[in-house]
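Look for subunit A in each of the two complexes below; its partner is subunit B in the first and subunit C in the second.
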Partner chain A sequence: MSHRIGKEYLALQKTLRDPAYRHVLELAPESDQDLSRWRARIAGPPDTPYAGHAFTLVIQIPSTYPMEPPQVRFEPRAMPHCNVDFDSGRICLNILEKAHWSPAWNVLHVVHAVWLLLSDPVPDSPLDVDLACLARAQDTAALDGLVRYYLAGGSRGISSST
Partner chain B sequence: MLSEHTIPSDYDDEGDEFIDFESYYSVEDTDLNGFKDDSDFDITSDMNSDDESGSRISFLISTQDSENLGKKSSLSGSEERGLPKLNYNCLTTDQIYKLMLQRMENLQPIFNIPLEDMIILLQRYGWSEERLLEQWTEDMEKVLVASGLRTAKHDKIKRGIKLHPNFMCHICCESGEKETFSLECAHEYCLDCYKHYIQDKLPDGKIITCMNCDLALRNEDIDKIMGDNSSAKLMLSSIKGFIQKHSNHYKWCPFVDCNYVIQVGNISSLSEFPRFHISPYVICDNKHKFCFQCGLESHAPGDCQVADVWVKTAQAESANLNWVLKNTKECPKCGVNIEKNGGCNHMTCKSCAYEFCWICEGCWKDHGGSYYECTRFKKEDKNDNVESKGSLRKYTFYYRLFSEHENSAKLDWNLGQTVEQKVRALQENVGISWIESQFLPESIRALIEGRTTLKWSFPVAFYSDPSHNLTKIFVDNQFLLVNAVEDLSQLLQIKEPKKIMEKKLDFYNKARFVKSRENALIECGRDLLCKGICIPQK
Partner chain C sequence: MKIEAKKIHCVFAWSWDIPGDCQDGTQGPSEEDVCGICRVSYNGTCPNCKFPGDDCPLVIGDCNHNFHVHCIQQWLDTPTAKGLCPMCRQLFSLKRGVSINEAQVEKFAHLLMKSRPTALTTDEEDIMMDQEFLVR
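What follows is the complex of A and B.
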């Protein structure tokens, strides 16, 4: 199946120029020799506390791709978000699970879906309970403030999920 | 020859005047000596012949097909009059599937869609016909679209396999002359990719949809793509779903590798059993006896409550199951054990699709805004009740006996395998007919059943008041059954076909003796329960 990931890599050179994917700053394998390890950089969506920041995604392509989904996570302790485990960077997103994945999707779809998650948190499936509580209570001022504080390097201490 | 089994006479002196010793000790001993004719003897005596029972419940046949199936009624361990009875059928998965198809055919006139689509609808609705009908009458179009039977847009593309001289598949990114498949949605991919995709999805047992939208593949599509009858695999999980949905009426045989299903048409008599401290035992066509109430193997002389409490205690004691208890939780709805290996607390049971909160085990939907509190909520350890050393030692003693007999029963299964060879040897070497050699497998069955009863008599003894006279009698009865079982087990070790034939009468007698001792023990155990001397508690 490495054929497919190669094609995707080639096609990306063109698609990334599309203004619709302006927020994907970078999406490429770590090295041209090994197409199973990718890195992406996405811009924080406008009108969110993430705006003005860039985030790195670590992507692992399984050998069974595209029959199985790629594994995607943020860098550890870099993304305060109610669907992301702050300490490990793990993401709770349904299309990243095998049962919900479809081979018709590609790496760019996945990165785009993660980007959409930033502006559209799902507090019903929380990995970060503290932030989800605020999102659930629709206390956007507190939520945004807390996220901005963490992004600016504010101390997070020990994660609540342990 | 059987004098060793007669009852020690000193019991008459110590007797409790309220207890009828005769009924426990004089069980059919006379029969053994007066035993003459082979044809008299039938271990698997047909309970249907006992038609005089007043509480016999007539069986409702739900389909025409099941009329051809052998009807049975449960062995209640005793044939006393007035005890409830259960009538049941033993079905294969094929028969269940036929039954499901028949139910579908009955429903089809209401829906007026092809049978293939009916299967998908019922799969989607977990074989809950009521729920499907309800939503169907509410909004038919919505049900069709949600179940993947119709696309939102109506393209008139025919589904099926096509051959393209030059096709670029968007999944594998390979191009050339290719066979492809698409549904009416026109999402077309090469056949190889579809094969991989279906192969991956089959074990989930869910409806397989187009790779790019929600349109569902029919069974015939799956079979066409895979080139075999792979959809049968999908249907097997449907059968499981159907049985789970209708678990009041259907139960799988719990024995390993046994795929029979017991069907009970009229379940109204089930509630009668606990009152008499007996269990509704059923026997599948592989001669596996199990309890239709709790789904465990035959656990006489204990009733379902004894078995339940005992099994739970045993589990709590076992290190392995300790791990399960520590690291898994039972799905609050279907009871399947679930291990959480990551992700958030929003759990979805793979078996029944129930969504719940890992922390408090409540329904996720009803959770409201309070579920974040769950992470801070710590369950109190239930293990703080300190058991006195004495009771623990007592438990360990009984548990050791229980598991010893469990192990012996497993060895007896192996013995059963060699018995089959012995039967064949008898037929070939000594020239005995098949029917004449049946005493061997019948003996082994008596042995295994005897051991199972023995095994489950230890929990009853454990929960019984040791100072009571009836408990003492029960323990004596246990001892007698142990001897009877060991005797029969010895006999079954004989290997030379000639010697086996010489001892034929011995086989009959000892097997019959096991059976009668077993019945006596079961009756005695039931009395312990009925009189409140045996009280199962944690």
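What follows is the complex of A and C.
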């Protein structure tokens, strides 16, 4: 296991104060004894149906990090988004795949990229087909309405995510 | 007043010889310069070494991105690296004519031959088309 994740942890105390990362509400290992399991909380981006909600990311750092990417997912059944599998929270994002990962990136970059995905869905590689269909049809009103409905606890059975 | 020197302690410092034109920024080498992979200073060691210097050398890429030789080798050995620099995604190769690279040239010739992608030409064409697109 590289020392790099420890270095990142130390550096985060400073970088998280940067206003450019104010949407990253929390980013830390679950315990100081085990730096392989992290949690993040991100704020829903403004001007999206996610605004006003906060979301938890579950992050697993592999022993091969930074040669291989961290595994990142949302909590199960908390994120309605066309690139997130709703039931598992799995995220489809190219930089999270081994083939596109670069060791120059760090955990904060990854969390930031997931946050950017919330305001910029990619319906062509969907994990949530229903939402992707609406996104592909550019029916923003229906898409945003459905996301808001799910976030408010609509019948997909979401518990309050804030 | 008369001062008598009773003892002299000699102190020396060293750093890798990185030519000015191999620097990312405009300023000269500084302690702030870290390996893009392990985030340890150029003059420090990769995570697996104890002693900086010749035991854990630095290499300078043709793209002016510098790494501990062990870090970049480990990366290029990863199949998904496709022989690319982690920082700029260009094919990684050692900058020629740089003295600290010389000892590593042979090792890298072998490594890069192995990891070079087969569909190289199409990749490069794509990149060139992207750049052209950006210019317009």
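For the reader, a short list of remarks on this structure follows.
What we mean here is this: the second predicted complex is superposed on the first by the 154 of 162 C-alpha atoms of A that agree within 3 Å, B and C clash if a C-alpha of one lies under 4 Å from a C-alpha of the other, contacts with A are read in each partner's own complex, and residues count from 1 in each chain.
Following the convention adopted for this analysis, contacts are C-beta pairs under 8 Å (C-beta built on N, C-alpha and C of every residue); 3 or more make two chains touch, one makes a residue touch a chain.
Treat the numbers as computed from the prediction; the structure is a model and nothing was measured.
Superimposing the complexes on subunit A yields a three-chain arrangement in which subunit B and subunit C clash.
After overlaying the two complexes on the shared chain, residue contacts for A:Leu127 are found with subunit B alone; subunit C is out of touch. Of the two partner chains placed around the shared chain by superposition, subunit B is the only one that A:Cys92 touches, whereas subunit C remains out of contact.
Of the two partner chains, neither subunit B nor subunit C is touched by A:Asp18.
By the document's definition of touching, both partners, subunit B and subunit C, reach A:Ala104.
In the superposition on chain A, A:Lys7 makes contact with both subunit B and subunit C.
Taking subunit A as the reference, the larger set of touched residues comes from B, when subunit B and subunit C are compared. When both complexes are overlaid on chain A, the residue A:Pro66 reaches subunit B and subunit C alike.
Judged by the touch definition given at the top, the superposed model places A:Glu30 against neither subunit B nor subunit C.
Two complexes overlaid on chain A leave one subunit B stretch from 99-107, 171-179, 261-269 or 441-449 clashing with subunit C, and it is 171-179. Touched by subunit B in one complex and by subunit C in the other are residues 3-4, 7-8, 66-68, 98-99, 102-104 of subunit A. Within the complex formed with subunit B, the residues of subunit A that make contact are 1, 3-4, 6-8, 66-68, 83, 90, 92, 98-99, 102-104, 124-127, 129, 132-133, 136-137, 160-161. Residues of subunit A that touch subunit C in their complex: 2-4, 7-8, 11, 66-68, 98-99, 101-104. Those residues of subunit B whose C-beta lies close enough to touch subunit A in the complex are 170-174, 187, 189, 193, 196-197, 200, 204, 211-212, 342-346, 364, 369, 372, 375. Taken in their complex, subunit C has these residues touching subunit A: 36-40, 47, 71, 74-75, 78, 80, 84, 86-87, 89.
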